[in-house]
Structure formats: structure tokens, C-alpha cells
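Across the two complexes that follow, chain A remains constant while its partner is chain B and subsequently chain C.
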Partner chain A sequence: MTCLLLKFMVIITTVSNVLGDDFKEEIFIKPLPPTHLYSYFQFVTLVNSEKSFAHSHLSPRSLGEIISRFQVDELHLTLTEGQWRHKQWGYPVIDAAPGAELYAWFSQEVTDIDDQWRKLSATLSGLFCASLNFIDNFNTVTPQMALWPTGPVKGNTNVTSLLRYASLPREIVCTENLTPWKKLLPCESSRGFSALLNSRMIHNTNYHSIGVHVRNVCASKDCTETLLEIKQTVALVYDYKIINSYDWSFRKLFGQGLPGACPLSSASTIYVDITSNDTQPFKLTPPPDRIVLSQRGGSDTKLAVYDIKADGQMVNIGVKQDTKEKLQLTVPPPLHFNRYVLGYGKEFGGIVTDLVNNYWTAIDVVLLENAPWWLPIQLSSLRINGEAESKLVKSMFYSPGRSRQKPYHLELLIKLPPRSTTTITIDFEFVFLKWQEYPPDANHGFYIGSALISANLPTAKNYTSIPINGITYDSVINASKPWYPAVFRTNGAMVSLPTPDFSMPYNVICLACTVVALAFGPLHNICTKELVLKPVGTPVSLTQKLLNLFKRKKD
Partner chain B sequence: MSKQEPKSEIEESNRMWASASFVGVLIIIGLPLWWKTTEVYRVALPYDKISSFSELPSIITSELTVLANDEQSASEIVGAIQKAFEGEDILKLKIKKTIISDDLHRTLESVADEQDAIEEVGAAFDLTQHNQFYVVQRRPLFQDVWLGGERVMFFRDTKAAPTLIQALKHWVYQTKVLSGARSSVADSARRTRFPPGAAYHVVLSVVHPKPDKLSVDFDAEEAVEDYIGSFVDELSVLHNFTLKSQWLYLLDFDFQAKEIKDKSEWGRHFAVRQERLHLLLTSLEERAATHVSELPTLNLALYAAPCHAAPLIIHDQRGQPVQSPVQAFMSPKWGGVVLASPGQAECQAPQPRWRPNVRVVMGTFISQLRKLLGIADTPSIPGGFLEPLRSVTPRRWEVDSLLRLRTVEQLTSAERTLQSLAQLLGEISNIVINDEVGASINSAVDSIQEASEVMSQGHLVEAYRVSLKAHTAAETAFMEPSLLALLYFPDDQKYAIYIPLFLPIMFPVILSLKNLFLWFRGKTVQKEKTE
Partner chain C sequence: MAILLKFFVAGLVRYWLIHLDYWQTIANRVEIATPLNSWKRLVEGVYLYDRNINPYDGDSFHESPIMLVFFHYLMKKVPYLLPLIFTVLDLLTAYLLYKTSKSFIRIFKESQEKHVSETADESKSMLLNDTQLDAASEYVLSVYLFNPYSVLNCAGMTTTVVQNLLVATSLWGASNGQRMLACVFVALATHQALYPVLLIVPIAILLADVNKGCNKCSYIRTLLVFVLCWGFLIYISAFIMDGSYQYVYNTYGFILTVPDLKPNIGLFWYFFTEMFEHFRLLFVCAFQINALALYVVPLTLRFKKEPVLLATVLIALSTIFRSYPCIGDVGFYLALLPMWKHLFTFMQQKFIVGCAFIITSALGPTVWHLWIYSGSANANFFFGVTLSFATAQIFLITDLLFAYIKREFTLKHGSSRQVDGKPAKLVLR
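Up next, the complex of A and B:
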């Protein structure tokens, strides 16, 4: 036996670094003139998914275990605080709804998807310390047109039925979500780009969003083999007002310099968008390793690229503005939108979504409205630019909600005419909830989740997303395509439902009891007692004597 | 009496009937209705069966076959064993004696190696049965008693009887550990081993704090599958195991090690104080994601010491280095850690590269796993020879012993869980027992009775399965969150709501009872008088 074991030792010559996992980290920084700065972190781990998740190397075992236990094919989870302003800032790399948003495609082998979905959200809630356990059937929809998997799918699969989508707009994102998120990274927060994610600084932003995106990607051209991609992202929008200067640097943004790359990453790259340098000159220090010009869909982008080494050298990339007087006017992106609530009183209201197409061709968009069951929207009240029957609507899906079981779900495929604003209005009525269904602090108001807008943009203007077959950020360079798919989230909204006085039940009990007790006494007396005249001179009892004593004193 | 009663008397009876109807509605109908509607839901439970668990026989029957060369020594040995095991309250031995056939006798005398002798015994008797054990006489033995990995023990002659009994008690049947599983105070073995369960996860974490300074060649997957896989395969009759491995990089942990000069190849070592070791577990727990598993997890961690802090040597409380080829420690009911340090040659190479000794590391993990899973230590017995483990697989009689141990443990634990649940139900009146919990309590009770029956018949594997079922059902019932549904609605709050209603109403009604009672008595007296 000893001999055998020794022989076996010799056979093992596999090196741990050749285990197939690959980890890359990237930062993309883009000034959003005039007053904001967008920084996007992405940590990509590629895992050979043919092997089981039981043995993990660079990939997080906790996430792998959840994905394999619940048989998830693709998963997207974002936790966001703040609202991305598409009109001023253009488009982010990955858009996210305010609060928590989770959607996943399950494997075809799963029989009871709803059950699996509930278990998945409950487990993720434990992993990320988020209230995802509040996801249930009554706030889950199955989008029919708005969402499609980003990974390869086997032919003739009905992917839509495997999808579940839920968002929790009330969720507040804070450090307790960031810490478990960091633990999924192989370098955790001690080394590499994640060392910049100092919770004190990143929660001091106008917008921050952390995300985990798991999907399958093709390992080869013909896609006979797939790899599992686990992508962890952070998006931050800094306000120059908050950092107190128009010049930014890593030290100002993150509180410290970058202590080199993560020693486990195969590539650690920083991209800084310096296109705005032409109109608003600034100086980048230290000088980049190279400058790349990317021509994509009619828009030119200049990217300064830094390759960071794992040598422990402090890196502090920064920008010094040359002039401060110039104020640049931003050109809004080809498609932007706005959403607000109509109405007064506590009976009826309406949601309005404005979609603006600035481009010179028509744009097809899918709009997904997802209203909770306590806000019934009526399809009959749907108006597009004020018309009930609009020619703009190419296709429509409506699934009415059911009280406490299912949300209202409306999807519209609309052709937005060139250079136009399309207004979509739908009315709702307010519902009385049972007193236990009100959340704590019910007078704060009730959140309505964001609407999803899925568009195939004809131009890459303001578009920063990675192409669907790309993994790292360098795949955006010169990636011209006939169209550019994007899923946006509108802003959420808030309504104030009729809210009762919560001490009422106890008051009612007390009042009713008192009334009953007061009424019962005389009633009982009248029924069971008799009034008897007492002749004068009858012997007086002891109690009577005492009572008389009191009466005399009063007089 | 005349037909026309006095008017006052009619009124009197009307009043009394009104009073009686108040009593009827409020006390006779109202009170029971209120009692019924505010009652805590409880399924009828077999309390009598639960309280009579102590009367159930808790005896494991085990078969022992004594093979001796002649009738006299056979009965002498059997008599000695019987006498020694008389006082055991859990274990009952069913001893058979047989005279060795001439063929076998001749081969046993001639064969030099004990392993070959076992093969010869195996050819004559079935050694694969659980809960069977063979004590075989073999004259050409250097020791009194010889025990290997199979269910066979050799003894030299009748003079070896005391050693044989010692070996049976402390090695094969482990009567002390067995009674420890029943006692109310946990012994050291019970404090170390994992609580019983149907399945476990085994996770090997390779902790590599400095991946940039040193590369570690260690295939965690292969190591786990080969070594731990073949170990736990032998225990598949007891538990299901899922094997996992992971790498944890850049774990910052400061051992606060003190550099001490010595005569090793490094010329130094780093002394880690024993008290600091548990802090490593805390920082491991932060990263190892042990909480995501749905089953209890046995954690094994290989800490690859960085070059600048190598070699790490654990120092005990007195400040003396622990003399052991492998620096390792174990945390009861959590898992084990091996601290491995690279050699000087590997660290001083231009590209530091180190291949840990897989055999030594995994061997250490196996020995830790044995304790964590409940395989007891074997004390040394003068005159007795226990063959050291040659492979990762556990000895066959150890598996039997573990089966007995777990059966007793699960049964005891299930009984105690149900008893304390019954006691709690008596003490706290607003615990809900719904149908589901009731069903699982009933199934636990049935399984306990079945297991103790099967156990006393000697069907060990079956008894283990049933007792596991009982244990699981009892734990599910005890841990069911629905028990607590009404715990936060205590009685005083109930009364706070009902008393404003009941007190003013019940007061006049109860006072009227006296008059009513007197009137009824008076009426009957009157009736009697008239008759």
C-alpha cells in the first residue's frame, strides 16, 4: 500500500496554477461632464463548468454551491443605492434598478421553478445579508420579451419559462452587503483592485451599485464547450462637489492609492475614458501605458490604458483639470426616459412613462411595467400619447395580478418614432391592505419598482456596455455591430396608500368592552332585581349605617 | 296550592329564571366556548410511551466466535470472556465455541505471516458480516494477542485470556466509549466527535497566504478524492459524504510567532503558542463559507506557511515545541488544521515552488477525521499487539464498533429529546403541536421501540438505520419553528384583553348564583311541602 501511494505521488504533477480557473480585474473610469465621474469595477472569474463546483480554486465556493444546488443557468443580482440619470450621464456598463434586483434562468431539469426560485432567493439573502427573502410569488414576474439570457442557450429551449425576475425597491444597500460581496473575490479586499473598495468612501457617492452576474460563456468559437463566468461588478458615480474638487485621483476617490494588482489575476487593467479631453482639457498622471482609439458604431472613444503589476507598488492615477471656467453642455443620449406618478387623493392614480427618442431613426423598445398586487393597473386605461389604440404598439403582453399572489405585469413592444416623445399612461387604484400587511413605518410610503426598458440601440453613442460575447473590457474596442442591445431601468416611484391608525384595533377592543360592560350591569339588574319599598323603622344593617355616616358628612 | 299564585311569587320566579338564563348563557355556554376557541392546538401525544423509554431494553447483542485448538481451552476462554462481560449493561455477547478443524489448524501453525493466517480463517469463515467477531487460537504468535484490520483476533493459549479480555474490552467492543454515549455527561470522545447525522460535507481548504512569493503544487481535488474518498467509502454504511475542496488565498493571519534558533536546515523555527491557534479558526471561518452548506461540514484546512515565517512549530503551554513530524491541531466538532511549512531549498530557489508531502498531510487529516467521526483511540495493552494502520481505510471491527456507538448515541439522543419536549410541553402551556410535529413525534417513538428491539436481536445495520430515523424525526420535531408560533402571546396578555370584558359581566352573574341557589332550594322545599 505504501508503495502504491508513493507511486501515486509521482503521478500527481498537476500544478495548482493550471487548474483552469482564470481571474481578471478591471476598472473603467469615465468622466461624466460637467460634475460627475463614473468608475466601474469588474472582477471576472472563468471556471471550467464541466467539472463539478465541489472543488473550487479561484471561484467562490459559496456561490458555486448555491448555483449547483439550485441548478441555476444564469443569475444576475444587483444591490443599488441611488438613481442612474440616463439623460445626463449616458449609459452605464450594466444598468441596475434602485434597491435589490434579482433575476435568474434555471436549468431545464428543474421541475418546480417557483419553489426553487424562493429557495434561491432565501439562500442568497443569507449570503449577501440582503432582504432577498422577501421575494415571493406575489412580487415575481416572468418577463416575456424584455430579458434574454446573455450566455449561450441550447436550441429549441423555451428560456422564457425558466426565467424569474423580482426587484425590491425598498432595499437599502450598505456596508453589510459589501463585506460578503468582497469575500467572494479570491484576493478578498487585501490586495488588488478590490482594496480600493473602502466602504467609507464608496457609500459617499451619488450612485453605487454592487452586482454579481453568473452566466455561461463559450470556451471556443463553435461553442461545444462552455465556461462559467462569475462577474462581480461595482459601479460608482462620484460628485465633484462631494470630493470637493474638479481634479480627481485614486486617493481622493477611494481614500488610498492602489496597492498593485491582485497576485492571482491574469490581467489587471485600468481604462480611463479621455474622450472629453478634447473639449475640456485635463492632464492624466501618471501617463498611461498606451492610448487606444476605439471606433464603435459611429462614436469615437479614446481610452488610456494602464496595465497594473502585482509588485506591491502604490499606483495613484489622477486627473488635473486645465481650466475650470468652461462649462460643457451635455448632449443627451439617443434614448432616455422618465417616469412619474399621477393623481391625488387615496382612490385613483396613474403611472406615466415618457420615452424620448433623439435619434433620426425609429427605435424598437420593450417596456415592462411591473406593478405590485396592491396597485392594480387596468389595461383598459392604457393610453399611448393619449390614444387607446396606438399604431406604435407592435406587440403586447398583459397578465393581470391576483390579490396577494401575483403582481400585475404589462409588456409593450413599441416602435418609437424618430425625434419624438412617447408618453405611456396607465391608471391604477389604491387597495386597502390588511393591517398586518403594512410594512414598518407605513406612512413613509410604498415603492413602485422600476420599469424595464429593453432596446436595441442603432448607435453606440454614450454606450459603454461590453458586447454580449465579450468577457473583458477590451472587447469594447472597435466592436461595431448592427445594433447595441441594452436593458435600462427607469426611476422608481412612490405612492402613499391609505394607511390606518395602527392603535385602532386595541382602542376598539377597549371601547367595545367598556360599552358592553356598562350596558350589561343595568340590564342584569333590571332583569333579576326587584325594587322593594322599605318601611321606615326597619332595623338598619351595619353597611347601611356606614353608608349613612358618609351621606351625613357630605351634607 | 291554589291556581292563583300571588303576583309577587310569579315575578319572583320570572326574575329567577332570567337570572338562571344569564348564568346559562354566560357560564354554561360562554365559558366553555371561550375556552375552546382560545385553546392552544395540540395533537394527542403518546406521553405514556415517552415516559416509559427507560424501561425499554437497551442491549446490543453481538456475536463472538471462539475458535480454539481443543475443547478444554475453548471452554476456558469462553468462560473467562463470559465472566468479564457479565457486568456490561449495554453489550451482550452471544458466544459460540468451535474447535478448529485439522486442516485449518495445520495451516495456522505453519503459516508464518499473520495476514496469510487471516486469509486462511477468511476462507473457512465469513468475515464480511457486521457485528461478528472471531477469536482464533494460533500457537506460533510472538505476543499474547494479535489484532489486525479484519474481524479476527489471534491468541496464543489460555494463559493469554486476561490480555484477550482487555483487548476485547478496550479495542474491539470499546465498552467504555459505548457507555459514555449513554451517560448524561459527555465524555471526551463525545465532545470531539460530530453529532450523529445521515450525511456530512467534508471540505478541504488550502490556505495560501502568499501566492505571489511561493507557488504551491497541491492538487486538492485529487488528494481529497483519493485519500478521503477511499476512507469515507468504507463508512458508507453509516453516513453519506460529499467531498469538496477550495483554495483560500491571502488570508491575513498573524500567528505572533517568535523566532527561535535551532539546529535544523533553516537554523531557526517560528514558535506558535498553542493559545493562539484557535484564532486561526476564527479567521478561517470568515472566509471558508462553511455556512452555505445544507449539511454539517467537517472542515479540514491545510495552512501553507509563507517562506518568511517557515517553519512553524507549535509550542505547548510549557513553551516546549511539540515533537511531531506534522504540525497539526484539531478543533472538536469543527475539523482539523495542518500547518505545513516549505523547506529551505524550496524557498531559496529563484522561483520558489513547493510541493507539500501529500501522503503525510492527508494521513494527518485522516487521523483527525477518524476522531471527528467517532472512531475511538486504542490504548496500548501489555502483551497485546495492534497492527498499525497500513492504509487510509478504517479497520473492519472499528466500523462495527462505530455502528454500535452511533446506534446507542442516536437512540439515547432521540429518547432524551422526546422526554425534554414532553417536559417542556408540561411546563409551557402555549407551545403548539401541529399535525406535522405530532406525526414526527409518533414516528420517532415507533422507531425508538423498533430500534431497541432490532438492536437486542443483533441486527446491527438495521438497528443503526432505524435509530437514525428516530434521531432525525425527534430532532425535526424539537426544532420545528411552528412550536413557537404562540410563544410570544403569553397568558397575561390574553387576560389583559379579556378581563375588561369578563370582570364587570361575571361579577353580578356570579353573585346572583347565591340567590338562585337559595330560590331553587326553597322551591323544592315548597314543592315537597305541597305534596
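Up next, the complex of A and C:
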């Protein structure tokens, strides 16, 4: 039996080599002392760039068809619940905005990008059971500086005009999104690392984000040919309080052990960041296959590596803490930020974004404020550290919004001075919507999407992202670069818009029309009738009055 | 001397209010500043224009490009003089209204003399003498200078100050028979806020009356000059915006389609908040016709002998029914009313209207605060207040017109209310 299975697997492997599809699965686990644990899953499928997807092997055909049908060059979709705390947790491998976030670069051949964009979001909405169909022109922006494609681009392309970005901060992420997401994997959830993604357990976390990232990658050094990379990611942040212990294991985190690797994968690797072992000693069980020391951008990282085989053996990696009393001092990352809403009442307010640079050199960041149309911001009220004309702003892009048509889009390229806090304030006015534009439970409030912060970090401290030309997680090892690009999302915010009385439409229509009629009646009389003197008769008795009612009017 | 003192005090009050710590609150009041005229939006528009961003790209600016360039120049060159400029513009409006009322009294006297033969003998005593008439223009001046509505409007530095000046200038021009002046300024006012387009009718009649001669030729000439001026302004505005007519959607389009439902003292905001989407277009059309076209023809036919009264009533009606009214507009037509001081004795609802004005003016800000800041009231409260404010204004205007026809009747038929010795009453038939 085992022999037969092995033979079968060999055949599969050869077939996969022939077609050029390659599937890899990886888990990266990093303790975020003192109280949290970050686990990041990534499933990478490399597809030989045959754009038709008439035959698909390991790659999900449903997604492939969307990519080729809508001529998408690069696509990033994340569905996130919770808020990544950059100050306490450092940086995630891939940051995501709370709710749903979608951005894509289209191919140059697309003529009507806005139309294609709407179709793409509507189709993806069906594929992932998410409300992405709410994406329309009124919540889409074209970032000018904040986002750049991660795949190779032809030299003379104006990539900015091909980009569309939208986020739906109100979107709630749940099992219904995870199930279709898992179906895109070659092993679905029956084998491999995705078997760990048990919705009962992962929706119990402080932060969870599932994502699909599609891009082109170079097939060779000279990049004459490209491969399509479909990367599916899951990021989870566990609270030790929720798992009820500082000792974690797969069984505690995911409710079960790992039933071996996916037989279709060419590599299944687990990385555990054990750098914090020096300060907060713990013991890994079972012991890792090897330990790798990575020196990257002035920070040393120790990674314990497990190579998982598809032998069906249950793997249960866990950690036992030696002492729990030790106090840990968390060092905040070089750049962190905070965003909040100012003001009281429902008439005027302001959005404040604090950007903190802890590093000893200046950091250039691009801040993208994307205010929905119902939150009109006033550019004239933009203040940076309280100044209207700040020297810190190197470049600015602003596109004013229009009600029910397009959002307010502000991008600032700011040079953050070393060891400083930069406060960016902008005022907004509350908008009074039509009664049918309010969502159900209108007094719950309206979500403002996150601001995008794009930075080239001078140091890799707390930085866990895969380098831009890397595909698998092992490319982070010793990947020192002059700078480390990162795109972060600030926390979102919420405002409570003034509401009308929803039960009043008929009354209001009647009352307002009555007032108009109050003018019309007398004016009509004045214009069409003339004044005459009419004799006043003797007072009529009640019976006469009653009789008069039935009489026909003579004059 | 007394007039100078009035100007001085009124100017001082306005200038002082602009420099008050509460200025921001005044300038942001929902009764004073609408999306159309608020100082904040003007600043935003000029700021965007200064940075080479087309302010008509978005929804933040709804003034005409001419105003944009005018204020851009002022804010760049003399930003410190702006409070003074606003004060002076408002005082100038008051002065022009004063001059207008003087001219009107001249016209009124002439027509009174002309019609003295038709007056019943017993009503001869009702004819106005010079002292009575001269007092009227003093009242006009005082009302515009010290009416809290116009004072606050100026203190809020809204563009309605400019609007009022343009309308006042055109009225003054018309009452002095200066066709060019009247047409240019009414075209400027129309270009800014659309609704003053109504004024071309009384102005044409007034010009024909004052200039004597061929009436029809005068009407056509006035209309022609106005249309040419307006067209020229539209063209100039597009020229300022580099040949793009996009601004039309942000100025006229914004006024006509009412996309911003921020509460104001008018009838539109809550009505179109609560409107069923299906009927929105129908009711937008109905309400705009009501404000723009409905009353012009009948009132013109009825009051063509009294173009100034027609102008007053049309200004008032368009103020009540326009999409984004503010108290600056109300203050303006209230200042015209003292010209009809002699009708006040025939008005029946003075007390009710007066009380309603006072009560709604006090209640409006109160319920607004309760709704928006305390959260203890809701939109209906504020809607109720604006509704009663509109009703009070409507009563005032219809009462004025009734008073006019009653006086007309009394002058003609005497003040006795008897038919063949029997008691009788005045009714409309």
C-alpha cells in the first residue's frame, strides 16, 4: 500500500515538473514577547506563465481564470480581522488593513481600467464570499506614491495609472471567507499545513488575516521569462491568555497536530524565530532539524528550521518556557504610528496621524490618507506639527472627493526627522446622508479606513518581510539590503454621523409640501382674484347653517 | 450726521464681531454658512486653486470662478484687510439700499400724483406726505445696518455679503434708470447664486418706467443686455478655468440638484434627506420650479405697476424657497420691507410673524445644539424650527401683498365697509 502511494507520488512529482507548476508551503512562527505569538502561513504556487489557464495543475483554476480574464498583472487581496499593533509587535511579514483590502495592477492592454476593476472586484467577491462588490469608484483611489508593484515591470510602463486600491473597513472576516480560500490550495485542507487552519481556532485569535497575492516573478536571472506566483497567506496573532498558557504547541494553537506535509508540495518548511530564546529561554520540542543564524540589516535572527515530510506522521511542534517571571523590555520598531479622530459633536472633526521615528537617521515615508466621500477633508486645514507650510513635506498629491462619486485622496511624502514624532492633522466636516444611504444600525458609526504608510526602512530591526525578489521564506536569511521597503496600515477609526429620523419620510414630505402650499394658496388668490365688498347678512341660526351645507352654492 | 453715526456704529459692531474669539463659531453656524457661501469653503477653494488643483474637481467649492479669482487675489495680496473689506462691502450694501429707497420714494411720489384723480375723496388723507416717505429710507438703512441677521451674516464673512451688494447695486441702478449697471450686476449676482435671475423681470419693468418711452423696446433691450452679460460671465469663468465648463456642475448644478443635505434654514435639506429615491428627480424639479419660475409670471401680471414691490416679493420668495438659504438673504429682504411701511397698518399677522421670527431664531440654535452636540434631540426638532421659520416668512410676504391690495382698494373705494348702507366685509372673489 505504502509502495503504491509512493509510486503515485513520484508520478505526480514528475508531472508537476513537466508542467512547471511548483507548490511550497511554509510556516513562520515568531513569539511577540511578552504576551503574543505570531504565526504566518504561506502557500506559494509558481505557475509557468501560460496565461490561458485552460489546463491548470497545482494552481487554482478559478483564480487563474480571473487573473487572465481581467488581465491582472498583480493582485493583492487581504481579509483581516483585528488590528496589528506595530509598536508592541514589530512588523508582520505582510501588513493588512482591517476589513477587506484589494489592490491590483492591470495589464497595459486594458483600456477601461475602472470598468475592469469593478468587474474584478465583483468576481472576487463571488470567489471569496466577501462584500468586495461594494467596491466602486466612490471608494477607489489610484495611489501615486505609496504602492509599487512587487513583480517585474516593463521599463516604459506608467504603472501608477494601472493601479487601483480600495479598502472596506467594515467588512467582517469569518469562516465563510476561509473555506473558499482553502479550496484554492492543491491539498485543500485535508493534508499539509492548511490542515491546521481550523476556523474554530483561528477566529479565536487577536488578529487574523487571510490573503491572496498574485504577481509575476522572474523565471531566470535575465528576466526574459516570467512565472506567475500565487501566494496565499494567513497571519495569526495568538494571545497567551487565550490559549491559557505560555507554553504553546500546535495542538494548543490549532486544535490538532500537523498531519505531515502536503504530498504535492516540493518543500514544506517550518521556521520558528528563536531569537527571543536568549532573553526569555524556552525549549522547542521536537528539536529542530537545523538552526540558521540570519544577519540582516544590523539585526541577528536565529531561526529553528523543520523540514516536514509527507509521510503522514503527526508533528506537534511546541515550546516549553523555562521561566515566566522574567520581565521583558520590548524595543519599539524604528517607525510606528497612531491614528485617531478629534472633535466632539457631529459637525466638525479632525483626523490625526502620529508618525514616530525612533531611528537615528531620517526616514522618508509616504502617507496616504484615503477619506471616504462622506468625510470631506479640507486640505487648507492640513497641519504638520501644527504648521501649515512644513518643510518636512517633500511632495504632495491631492485629489478632492466628490459626493457619491470619488473619495478624498491625499498623499504626502514626508521626511521624518531622526528620533521625532510628526503629527499630521486634517479637519473634516460631517456629511448628512440621504436616509437610504445609511447602513443598517446607522448609529453604530461609520468606519474610516486605515491610512497607508509606505516607508523605506534603513534598518531591518523587527522587519520580517520577504525581500522583493524572494519567493520562499528562506530568502530572508542574510538578505541585507541598503533599505527595506514596507507598506503599513495604521489603525482605522470610527465616526458617528448625524442621522435623520428614519421613521419620518411620509411626515416630512407632507409637512414640507404643506408649507409650500401655504405660500401657493394665498399667492394664487392674490394673483387671480379681486377684492370685493360683500354684505354681511344677519347671523344665521344653526339649522339654517346645516341646511346651507346641502344647498348648492349660487355664487 | 445721524446717518454717519449709524454707519460708524454698524461698521464697528461688524468689525468687532469678526475679531471676536467666537468668530469661528459664527462663521461655522449652520444658519449663517451654507455649503454655497461659507468662508471655510472659500478658503479651501482658494487654497486648492493656489496649489494648481482644480477646486471644481471635488465637492469642496461652489463659488463661481470669478469669485475664486477675486478672493484669491485678495487673500494673496491683502489677507489682513479681509475683515475690513467685508465690513465695508456690507456698509456699501446698506448705503446702496438707502439710495435705492430714496429713488423709490421719488418714483412712488410720481405715481401717487399721477393716480390722485382715481383716489376716493375720503381716502385722500391716506396719501403719503413727504415726511412719512422720507422716514422710510431711514428705516431701510437702520434695518440693514442693525438687523442681527445681516450683522451676523457679515460677521461670518460669507459670500452672501457680496451677493447682497450685487443685488443692491442692481436695484439701485434700476431705480435710477441705469440699464447697463443694473444688468451687469444682476448678471453677476445670477452668476454667483442663480436665483437672482428672477430680478431681471422687476428690473426691466422699473427701467422702462424710469426711462419712459417705448416700453417694449426697453424690455427687450434690458433682457438682451442681461443675457449678453450673463453669457459673457459664463464664458469669462470658463476662460479663467482654462476653457473648462466643469465649474457649471459645481455652481449651478450644485444649486439645482441639491446634493449636499447639510441642514440650513430652508425647506430642502430634510425633505430631500427623507425623499424616496424614486421620486427625487420629480420633487427636485417641483421645488426648483416653485423657487425659480412659478410665481414670476402671475405676480408680474398682478403687480406690474409696482416693480419695487415685485422685486421685494420675488427676492423674499426666492429666499424662502431656494436650496441653500441663509439668514443673510433673509436680512436683505427684511431691509427692503420698510419701504412698505405705509402698508403695515393693513397687515393682520404682524404680531404672529414677529413672535415666530424671535422664537425660531432662539430655538433654532438651541435644538441644533441639542441634536448635534448633546445628542438629546433629533433631526425632527431642527426641521420643525426651520419649518416654522419658513411659515413665518411666508405669512409675512402674503400678508404684505394682501395689505397692498387692501390699501389699493381702500384708496379707490374709500375706507367705509358698507354696501348700500349695510355692513359688508372684504372678500376675494
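Convention: the second predicted complex is superposed on the first by the 486 of 555 C-alpha atoms of A that agree within 3 Å, B and C clash if a C-alpha of one lies under 4 Å from a C-alpha of the other, contacts with A are read in each partner's own complex, and residues count from 1 in each chain.
Note that a residue touches a chain if its C-beta (ideal position, glycine included) is under 8 Å from a C-beta of that chain, and two chains touch if they have at least 3 such contacts.
Fair warning: this is a prediction, and the values are worked out from it, not measured in the lab.
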item: Which of chain B and chain C A:Asn244 touches, first, second, both or neither; value: neither
item: First (chain B), second (chain C), both or neither touched by A:Thr111; value: neither
item: Touched partner set for A:Pro500, first chain B, second chain C, both or neither; value: second
item: First (chain B), second (chain C), both or neither touched by A:Thr123; value: first
item: Touching partner for A:Asn158 - first (chain B), second (chain C), both, neither; value: neither
item: Contacts of A:Ser220 with chain B and chain C, given as first, second, both or neither; value: neither
item: Which of chain B and chain C A:Arg402 touches, first, second, both or neither; value: second
item: Chain B versus chain C as contact partner of A:Ser541, first or second or both or neither; value: neither
item: First, second, both or neither for A:Leu533, with chain B first and chain C second; value: second
item: Contact residues of chain A, present in both the chain B and the chain C interface; value: 509, 516, 518, 520, 524-525, 527-530
item: Chain C to chain A touching residues, read off their complex; value: 28, 30, 40, 43-44, 46-48, 51, 53, 55, 57-60, 259-263, 267, 269-277, 283, 287, 290, 294-295, 298-299, 301-302, 317, 320-321, 371-373, 378-380, 383, 387, 390-391, 394-395, 397-398, 401-402, 405-406, 409, 413, 417-420, 422-429
item: List of chain B residues in touch with chain A within their complex; value: 11-12, 15-16, 18-19, 22, 203, 211-212, 215-224, 226, 242-247, 249-250, 252, 286-287, 289, 291-294, 358-359, 390-391, 497, 500-501, 503-505, 508-509, 512, 515
item: List of chain A residues in touch with chain B within their complex; value: 1-2, 5-6, 8-9, 12-17, 19, 54-58, 60-62, 65-66, 69, 123, 126-127, 183, 186-188, 190-191, 263-264, 310, 509-510, 513-514, 516-518, 520-521, 524-525, 527-530
item: Interfacial residue positions of chain A with respect to chain C in the complex; value: 344-348, 373, 376, 378-380, 396, 398-404, 406, 408, 429, 431-436, 498-501, 504-505, 508-509, 511-512, 515-516, 518-520, 522-536
